[in-house]
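Below is one structure, written out as structure tokens; comments come after it.
The letters A, B, C and D name the chains in turn, as written, and every chain counts its residues from 1.
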Amino acid sequence: MNTGILLQIAQTLLAILLAPLLMGWVNQCRAWLQGRSAPPLIQPYRTLKKLFHKEAVIAHNASPLFRFAPYMIFACMALAAGLVPTLVNDLPFSPAADAIALVGVFALARVFLALAAMDIGTSFGTLGARREMLVSFLAEPALLMVFFTASLISHSTELPTIVETLAHKEFVIYPSMAFAAVAFWMVSTAENARIPVDNPTTHLELTMIHEAMILEYSARHLALIEWAVALKLFTYSALGIALFVPWGIAPHGDFAALPLAVLALLVKMILGGATLSFLEAISAKVRLFRAPEFLGTAFLLGVLGMLIHFLLEV
Amino acid sequence: MEIYWLLGIPLAGGVFLALWGSRRNAPEINALFSLLTLLAAAALTMRIIAEGPMTVGGEGWFFIDPFNVFLVALTAFVAFTTALFSRPYMRIEKEHGRLNDQRLRLYHSSYQIFIAAMLLALTTNNMGILWVSMEAATLATVLLVSLYRTPASLEAAWKYFILCGVGIAQALFGTILLYFAAEKVLGSGGTALLWTHLNGVKAQLEPTVLQLAFVFLLVGYGTKVGLAPLHNWLPDAHAEGPTPVSAVLSGLLLNVALYAVMRSKVLVDGALGNEGDNSMAGNLMMGFGLLSVVVAAFLIKRQTDVKRMFAYSSIEHMGLVTFAFGMGGPVASFAGLLHMTMHSLTKSAIFFAVGHATQSAGTQLMEGIRGLIKTNPTIGWGLMLGTVAILGVPPFGVFASEFLIITTAMHEHPWATPFLLTALGVAFASIFGKVQPMVFGETTLPRLPYQPALTPVFIHLGLVLMLGLFIPPYLAAWYRQAAHMLGG
Amino acid sequence: MFLAYHLQVVNLLAALLLLISFAMLSQRRITGLVTLFAWQGAALSLSTAIVAWSTGQHHLYYSAALTFILKVLAMPWYFYRLVKKLNVDRDVEPMINIPTTMLIGIALVIFAFNLALPISQMSGTVTRSTLGIAMASVLLAFLMMITRSKAIPQVIGFLAMENGLFFAATSASYGMPLVVEMGVALDVLVGVFVLGIFFFQIRETFDSLDLKHMEKLKEK
Amino acid sequence: MPTVSLSDFAPVEYAWAGVLFWLALGFSALFLQRLRGLLALIFPLGALGALGMAGVGLAALMGAGSAIVLPIGLPELPFHLRLDALSGLFLVLLGGAAFGVTLYASGYFRQLDTARLALMALWFHLFLAGMTTVLLADDAYAFMVAWEVMALSSYFLVTTDHDQPDIRRAGFLYLLIAHVGAVSLLLCFGVLQGGDIGQMQAYTFEYMRSAELAPFWASVAFLLALFGFGAKAGLVPMHVWLPEAHPAAPSPVSALMSGVMLKTAIYGLLRVTFDLINVQEGWWGTLALTLGLVTALYGVIFAAVQADMKRLLAWSSIENIGVILAGFGLTLIFYTDGKGALAALTLTALLYHALNHAFFKGLLFTGAGAVLHATGERNMDKLGGLMRVMPWTAWLTLIGALAIAGLPPLNGFVSEWLLLQAFLLTPGLNQPYLNMVIPVAAASVALAAALAAYVMVKFFGVTFLGVARSPAVAQAHEAGWRERLGMLWLAAGCVLLGLFPTQVIALLSPVVLQLTGQTLVNDGSWLMLAPVDAERASYAPLVFFAVVLVTLLLVFIWVRYAYHGRMRRADPWDCGYPEQDARMQDSAEGFGQPIRQIFDAFMRVERETPDPFDRHPRYRGDSRDKLWVLVYQPIANLAAWLSDRVGRLQHGRIQWYLIYSFATLIFLLVFVTR
């Protein structure tokens, strides 16, 4: 049990620490694909460090909620990272929240971010919040549907059980998971503010979604949010891995498999980051009002996945 | 003995007021006579409670049983409260110049005679006298309806007279047919039309004749009950007559007419030997009742005149009662009797409130009456609560009877319930939608210059409220016995 | 079996009653109507008297007398006076034209006869066929009330209906109990009295006895 | 001499005593108009009564059922009262929510003039008494009387400000639909009555339980009940009164109506379907599920486009009722399929959600009421920035908003989680078509939940955050201590219900056992909720909450100590355009605009756009319920048309009236002699 808790803490800390690295890797890949010279891999860490040292500038009318939100968001993301089996399966904390609760955690963070964005009362903040909620009201159920498909296969909403069913039991091809995978990719792009739904590097306020919400943040608050964003990307990647390519995650209590798991994770993250940036590079950002259609498709695919499961796999 | 007092007092009152009715204190005398009548009724009621049903006089000219004793008590009671209400009301009408002393004399005298006629109709044992007193009640009220001598009131009275006259003529024909059938069993002579005798031999009466007789009686008395499509006189007469008259017409006369129908139905059911589901009379009554409820509900929707609207509401409720009696069975008959009581009390209370409201607004048009609760809160609340009660919202007693009627209908005659549902819904929407702005909202109405006689309103509503939650055992026992007699 | 002469007379009077009913249906003038009404009353009174004589029911004599006084003398006189006073003896314009009315009337008579047939057959009284006639004249009077658009003819129709009822009461079932008859008679008397008051009120208010003026109260 | 101890009385007697207490309070208010001091005590005393009522409910949940017969009612059919687990649970709900709301009301209404305060106290306590009696009633008559007393008293509460035509209209619509629903319930009881016709005892629930119903009549009864209770609960398309009446009522009343009264309809539905009707058909569940989902989605979509905050909350109530009904449908499906354990799960979920909704909707309405009281504005487009003026209200409302948005670790999440679990367990069903329906249903619930978050961000963000949109906000003040205490109670309810699901579920289990014959087994420890099997699903909110809290603190401390806490205030970023003002924030309408655009098909949008030369350009957009036009307008037109037809029969000519009589006579003669 104690080792379990230690492992849990270790895994969570690892996720927190590695997250900016993944972000750096993705940025690097994208720069390469776009033919730019890439920033160093550890650029995100540098940025964070810089931000933490700066003096915070806050709008006159910012309420306590505004200052509270970054911590809340970061805590939520850390929690989420702890929930997803990245290295070791079935850690002690995972029964505290299953896949549905995970979606809830993401939602909690998002709601706080949106509220914080509305707190100052600038047109950009509210605009960003509205867009964010617009994107999420379709993305969130779509993500749930993806989980449901997996849950129906494994008869569980517990992430460890899902991973165990998919990775450590007899190998079966699940067509439904294919639908789920596509839906998941679409949702992740939206949730992580990537192209084609949002553009993380934009500087044009009117096209922003995520960036518009955090316009008012600076220094440590911004650092926390940026870190949380990286953590979210990491968690999503880990989720994708756990759901669709779970092989390599160490089963519960199997310490021998741990080194292999670390290796597998690294490889999969590297590949995943590259794929993400590749997909980003080949797609164009859609108009805001196309975003619901895009996500609606994701939602539909998720539902289709469930239906396919009932049709073919029961 | 009480029975002679009961009939004698209002008759004497009628004569007295006809002679000296133009005095200043005529309204008080009117109320006094009504009070005495009420006391006589109370005494009679006490006696019935103590001794049970009885026949009185000669070969049994009068017959009091649970069915009519509560109607007698109700009639005397509402007559008394209405007299109380009419005291200030008619004074104001006189001050407004709508009436003079002569007409008030006519009013007070006719009022007493009307009450006497109704009490006679209720207590007589003779189906022929029943007819006579029904006709007398009509005649006594015709001149009351046209009391204001406005063109509209004359027209209303004319229609009332002709339609009810024709109707009642049919009832006479029915009575003749009844006699025709009875004579063969009971022999010709005075006793052949006594209800108690007829009831004793009802199984031997010729069914074909009784069938026809019932049709004529139903059409005849049904006109007075206000059953659709014979109801056309009713809204006019209610709307154009003085409000106290509307109150007693709605609250009492309709009951008495229905009482006559029910007395006939018992005989017919007995003669035809079929009760319950197969009852021809019952089926006819259900049909008429349902039609009245539906027609009245849709007509309520288009009213602009407040008294006219509540007149249609009376048609609706009498239809409901008729429907209940038509269904038969102990619960439905019980409910019908209860509903008669509740409707009388509630509707007269509403008319009292409406009377003051129209006097304060100077118009009977509903768009002219607004925001009563602001200027005359008691009138406003009286009207609001009365309306709520008449619409069958508990805990008022009207709901108790509607509850029993509707659930029984659903259980026994489910085909009828969509009509009932529609009609009750439409009636609710219409009446409430029109009363609400009268009671609530902004207003320019003046405050009433005098103290309105609202005690009767709240006494009635209080009774209705009480009966919705608690029916005294002896009253329940009457209802039950009467329901049993009516074919339960 | 032959009927006794007096009963044959009753049947004859019954036929006369029906004939008068038809005549009233086709009569256009109010004075003519009043005259016919008086004749009808006379036939009624006579037949009641004959029934009283033949059955020995003495109270029917009172009825006959009452009928005679009320319906042959008092009311027609009253109506004549009224018509003169109000000067309303103009032609009556019926709602439905007279031939059609007559046709409907005939249909009604057939209907009434059919209706009364089973009852007549079981009747204990000798004058049993008269019930059908009584019913027919009631219905015809009803029809007349429907077709007339003036107040007085309507009332005469109403009274004619009452005649039919009386005829049913006396001839078909040898009269109702006396109390009832007295009551009925009293009611009719009061009714006519009330009507008289009415006519004046209406005339005063509308300046006419035409029912067309009394169509204001309706559903708009 | 016999001693009387408190334990001699059954819970139901205490509950009835509570009802009488409320009645006495209400009527005494009318006579205390001279004594303002005493009048002010009425509401706090009423709140105490509510607390007691919750206690009685708890006792009933723990103990055995108890029943009494009162000496009032119809002859042979006196009021039967019975307090079993189901009633007990809803009493807890009522008492718990009403305590907070009544406490709040004691402060909220303190500024009313004496006469109005007295009337308010009368109707308020009558309303409470009516709702309680609905829960206690054990015969159809008592039930209906209480049901309508509830409707009537709340009508008078809704029309408190009857000067405004809108409010009168709302009240009218409310009472009308309530009445039609009540008639439908009457018919339902008519079908259900047991025993021989002609016995009044046939109306007691006891007889109804024992009555054998043919499947057809059982279905009729169910449909009537669904209609009748649905009309009260706000089931689409009978929901139209709800978004009108809730905003019209004074806020504590809206809180009570939305939080508690709607639940009485759920109670009734459960009572009738599970307790009174013995036969049960599978398709009822499918129907209820479908209607529930439609209602949920419809409600939340319209909630998203509202600008009036109380109207928004009302629509959100419709959504929640939809979710509860969907749960109800699923329960029926499982139950008829013989899956008792799953039925127990869904029933738990729906009861849990009902309980939750009572607290968070009560909280949100009281919060909105505090804003309304402080600013006099219901329109969110005129609010904003209130967080800085009324922080208590804002933070407490935030808890409610997060809870209703279904965010962990608050209570809304728990019930939603349970419901979604239930959906995932459907593959065991015997009817394949259901297996296909369920994913879609699950998706709809998920969608509704996500949209609810949208709605709540809008509600909270536009009202409390940002910059004040009108001067009304400037004079705003924090709510009084009694209001705050009331809201605090409700917020605490939201938090506690969220953090201790296992305990709550244990509390619910007697009800679940009573209705489905099974209980939900908790596979986890006291900390962890694992309704079926820890392998399948588990949720430990307390751990969850602790971890979030610890992480938050750690991060905070780390940031503080590892770096610094320096902070400077400045103007917000203006994108180079210095003339930013409050009107440039998203308005409520603007925030809902994407939703309006996506779900355009369900709405009738009215727009007023300025032309380019307007000096004072104004934009107005209004999204109306299309069902109003599609369903209610035609009904009204049909009624008007019929009434017109019937009216033509009565055209004033006496000859025609005579013809009617004549024709009737002839017709009847022909009819009887045929």
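Going forward, contacts are C-beta pairs under 8 Å (C-beta built on N, C-alpha and C of every residue); 3 or more make two chains touch, one makes a residue touch a chain.
Fair warning: this is a prediction, and the values are worked out from it, not measured in the lab.
Chemist: Name the chain pair with more contacting C-beta pairs, choosing from C-D and A-D.
Modeler: Between A-D and C-D, contacts are more numerous in A-D.
Chemist: Between chain A and chain B, what distance separates the C-alpha centroids? Give it in angstrom.
Modeler: 77
Chemist: For chain C and chain D, what's the span in angstrom between their mean Cα positions?
Modeler: Distance between chain centres: 69 Å.
Chemist: Approximately how many whole Å separate the CA-defined centres of chain A and chain C?
Modeler: Using C-alpha averages as centres, the distance is 99 Å.
Chemist: Report the inter-chain centroid distance for chain A and chain D in whole angstrom, where each centroid is the mean of the CA atoms.
Modeler: 36
Chemist: Mind pulling the chain B residues that touch 2 or more other chains?
Modeler: 158-159, 162, 166, 208, 212, 235, 299, 302
Chemist: Out of chain A, which residues touch more than one other chain, so two or more?
Modeler: none
Chemist: Listing for chain D: what residues touch at least two other chains?
Modeler: 647, 649-650, 654, 658, 661, 665, 669, 673
Chemist: Under the stated touch criterion, can you name all the chain pairs that qualify?
Modeler: Chain pairs that touch: A-D, B-C, B-D, C-D.
Chemist: Within the complex, which stretch of chain C touches chain D?
Modeler: Listed in rising order, the residues of chain C that touch chain D are 95, 111, 115, 142-143, 145-149, 154, 211, 214-220.
Chemist: Contact residues on chain D for chain C in the complex?
Modeler: 647-655, 658-659, 661-662, 665-666, 669, 673
Chemist: Can you name the residues of chain A that touch chain D in the complex?
Modeler: 52-53, 55-65, 71-72, 74-76, 78-79, 82, 93, 95-98, 100-101, 104-105, 107-108, 110-111, 114-115, 118-127, 129-131, 133-134, 136-141, 144-145, 148, 151-152, 155-158, 161, 205, 215-216, 220, 224, 289, 292, 299, 302-303, 306-307, 310, 314
Chemist: Looking at the complex, which residues from chain D come into contact with chain B?
Modeler: Contacts found on chain D: 71-76, 140-141, 144-145, 147-149, 151-152, 159, 162-163, 165, 168, 171-172, 175-176, 179-180, 183-184, 186-187, 189-191, 193, 197-200, 203, 220, 639-640, 642-647, 649-650, 654, 657-658, 660-661, 664-665, 668-669, 671-673.
Chemist: Show which residues of chain C lie in contact with chain B when the two form their complex.
Modeler: Listed in rising order, the residues are 57, 115, 118-119, 122-124, 131, 135, 138, 142, 145, 151, 154-155, 158, 161-162, 165, 168-169, 172-180, 183-184, 186-187, 190-191, 194-195, 197-198, 201-202, 205-206, 213-217, 219-220.
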